[in-house]
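Shared chain: chain A. Partners: chain B in the first complex, chain C in the second.
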Partner chain A sequence: MTKWIDVCATSDIDAEDVMRFDHGGQTFAIYHSPDGKFYATDGLCTHEKVHLADGLVMDNIIECPKHNGRFDYRDGSAKGAPVCVNLKTYPVKVEAGKIMMEIGK
Partner chain B sequence: MVIVGGGKAGARAIVGLRGYGWEGSITLINAENLMPYDRPPLSKAAITDEAEPLPTSLLDLDMMTSLNVNHMRHTSAIDINRGSQTITLSNGSKVLYHRLLLATGAAPRKIPLEGGERALTLRDFADARKIRHAFATGKSVAIIGGGFIGLELAASATKYGCKVTVIESQPRILMRGVPDEIAGHVAARHASAGVTILTEVSVVQINPRSVVLTDDREIDAEILIAGIGAAPRTALAQKAGLAIDNGIACDTKMQTSDPFIWAAGDCCSFPHPIFDNMRMRLESWRNASDQAVTAVENMMGASRDFTAVPWFWSDQYDLSLQIAGVPGLGLSTVRRNLRDGAFIVCHMDADGRLVGASGIGRGNTIARDIRLLELLIGKKARPSAVQLSDANFQLKGLIKTDIAA
Partner chain C sequence: MNIMATPRDYGLLGRDAKMAEEMGLASAQWYQCPMPRKRLKELMVRKDGPAIRDTLIWFTAFAVTGGFAYYFWPTWLALPFFIAYGVLYGSSSDSRWHECGHGTAFKTRWMNDVVYNIACFMIMREPTVWRWSHTRHHTDTIIVGRDPEIAIMRPTWILRVIFLFFAIPQTWGAIKSIARHAAGTIGEEEKTFIPEMERGRVILTARIWVVVHAAILASAIYSGSILPLLFFGPLPTMYGAWVHILTGLTQHGGLAENVLDHRLNSRTVYMNPILRFIYWNMNYHVEHHMFPMIPYHALPALHEDLKPYMPKPCSSVFAAYCEIIPAIWRQRTEPDWHIERELPSGIKPVESLGD
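This part shows the complex of A and B:
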């Protein structure tokens, strides 16, 4: 069964930016891409579990604030050393100005 | 391809070579008897973690195998014959090289006093375990040198309830590394954790359980630590007749004075194109990694300049400090206050060009702005004091609207 969870309003995240979102003991990172789309990934870097929301978004890349590991936040793919494990991504939809994500089981 | 030294630079070079499509042989000559591991945790988590630490591996056995590396552990390179392109190893055997990367790192300086051999130093995993076990006894600790490693160890020692004294000969801690305001912030945090920081004094005598200072004071020092910096490991290069200048002297392409030998990381110095080709040697994790990437690219035939902006971080207690660029080149500063008491000092040169940024704050509060400032430093940008001091001003905008000089 899928369940959509309210995250925030679309206006809460600037374009080309990221926001931290905690839910049910988990932490996520929600992105607003420069072309106006929204994405969600696990909130912690796969290298040393640092909050990615403190990092920098440039185009479709989130850069980890600790050692500059890079991920494409659209598919979670790790873009080379020091990060080699991909980030988990989650489905996101926008309805009536609200961002919602699906966390799964 | 042969690499001497299995630290951050050596390990990154291996991944880089395979990444750039090198299919020939790679030999790693590594003095240590461990797989390549990370050093930054050695003064932090390896000391403070509840569990006995394990080395933070950079390349494990599986990766070494899949990257098809001939890893000679516990083996030192002791001689390079540049004419025949042959390296002599500590076990007497010889290795031929086509292209050679020297990534020998740096070694901690020793205290040049009688009894100085009692002072513990920190560079390798084994050193960290020794220090951890010493701290675990809860005895008194004196740390000679208020630099980054000394201060990180001071912070780590407080976790074991040790009575800690840091002895710094300069007027304040982190004299070379950061501006006054940041050093003051760090010093205050140490004071609140119970660490005593003494400045403008040095050790004149080492006793079995104490040290005596220039002002005749005697300081408890059941455990004595030397944190007085590190010297580049240049002996091998020097013996081979390579140019040395505060480290193995490289050009902007990380090539040494021999056209078949490159160097990367803490062992070498290089002229930095972004800072008027000023020659510098850096001891920084990211620098070791970035230089290795440039070096191997050039070893494979490219001709790329190394232009990465210097960047360093240090963690002490809940504080994280980051430095980008070369703050020492700045003549004036602008302060940027961020949330939760975090702040960044931006350093400008005489022409108003941004040349450095140093920041401190809890967790990663400063990371994003430091990263943006680093990009601006790389672009030789001249942001205004108004823009820099206004935390609500989006630095990202400056990067997009190319304002390079």
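This part shows the complex of A and C:
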């Protein structure tokens, strides 16, 4: 069963930045891409469980703050050592200035 | 938090490795100074410009020192140029390996990778192995049994420290490691930090390196000259290592083991611009460990921002060794003793996160 949940207002995340979002005992990372789109992934790096929201967004890449591992946050793909396992991604939509993500799949 | 048992076991499969896990020191949460997200983003911004400039200077310095060394060979006038060339080859490669390994030196990924592989060859660090060992060093900095990059183990073996300046243990270790990997074997300790999917790359690179080193040796034999061996391969790594050991031992030498606060186990040292060029600002070492995603060219600014939370930096390399030498000498017989870092008033050390 899936459901859409409210995350935050679109204005809460700067362009080319990331924000942490915790819900139901899980932690997520919500991204605002340079071209104005929003994305969501699991919040912890697949390498050593560090919060990606403390990392650096460069174009479509999120870089982990601990070991500089990189993912493409649009599809969660790992972009080389030290990350080897892809991130899980979640559908996102914007309604009336609110970011919503679909969880529970 | 200190593990009170001695002698220590620095092996990654040994008693202290298990103890570190049991005590919550492995992959633990480390102290970070407060830093506004906006400022952090400013400092994290990647640029190609500074590293391209520095790399052009670097290659030019190789050409000039190497060119004059070749020109004056075999007279004594070649000696100072070989000394300078050796420092570039065997010492400045350490910081290029380090920064490009983090992927922070250049904004463009392939530039990091190219310089990383060149630097790895110069300093004889197998690229994949050392990328992963350094990852562990950042996860478990100076945690006994977890960190594979502890330079001075306790009780201190002074002769080994002296040998480090000539890269004797490092080069011997590299030769054994390359031979083992080229034969298709990954060690049990290495398996603790190199993922399975990366091991094929380790073996392939080692085999390529064996071919390249054989070619260097063959060119020396064919030309009947030692010159190829003085310019490439293990010899310049060894005769040029002393500067990177001089700077590198200041990073953690004599400080605490098994703590979760980089201010207590790492050292920031003020250095002159030439050393900082060779070392690519790694003298700001506490800052680097606390925020490893900040590029070398932004570390001086980060240092200024974090000053209120930091212990007083060492004023020079000389000042650093004034505390390091007595400390490591004492640690020959008192391995539990270490230099205590004094933090600014009102700021408590975070030694007990694992409790």
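The rule is short, and it goes like this: the second predicted complex is superposed on the first by the 103 of 105 C-alpha atoms of A that agree within 3 Å, B and C clash if a C-alpha of one lies under 4 Å from a C-alpha of the other, contacts with A are read in each partner's own complex, and residues count from 1 in each chain.
FYI, a residue touches a chain if its C-beta (ideal position, glycine included) is under 8 Å from a C-beta of that chain, and two chains touch if they have at least 3 such contacts.
Keep in mind that this is a model prediction, so the values were computed, not measured.
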Superposed partners chain B and chain C on chain A - clash or fit: clash
Contacts of A:81 with chain B and chain C, given as first, second, both or neither: both
Contacts of A:51 with chain B and chain C, given as first, second, both or neither: first
Chain B versus chain C as contact partner of A:103, first or second or both or neither: neither
Which of chain B and chain C A:70 touches, first, second, both or neither: second
Touched partner set for A:8, first chain B, second chain C, both or neither: neither
Which of chain B and chain C A:94 touches, first, second, both or neither: neither
Set intersection of chain A contacts, chain C complex versus chain B complex: 55-56, 63, 65-68, 81-82
Complex contacts: residues of chain B adjacent to chain A: 12, 15, 19, 285-286, 289, 313, 363-365, 367-368, 371-372, 396
Chain A residues touching chain C - in the complex, by the definition given at the top: 17, 47-49, 55-56, 58, 63-68, 70, 81-82, 84
Complex contact set, residues of chain C against chain A: 27, 41, 44, 46, 102-104, 107, 128, 131-132, 135, 138-139, 195, 197-198, 291-293
Chain A - residues contacting chain B, complex: 16, 50-51, 54-56, 63, 65-68, 80-82
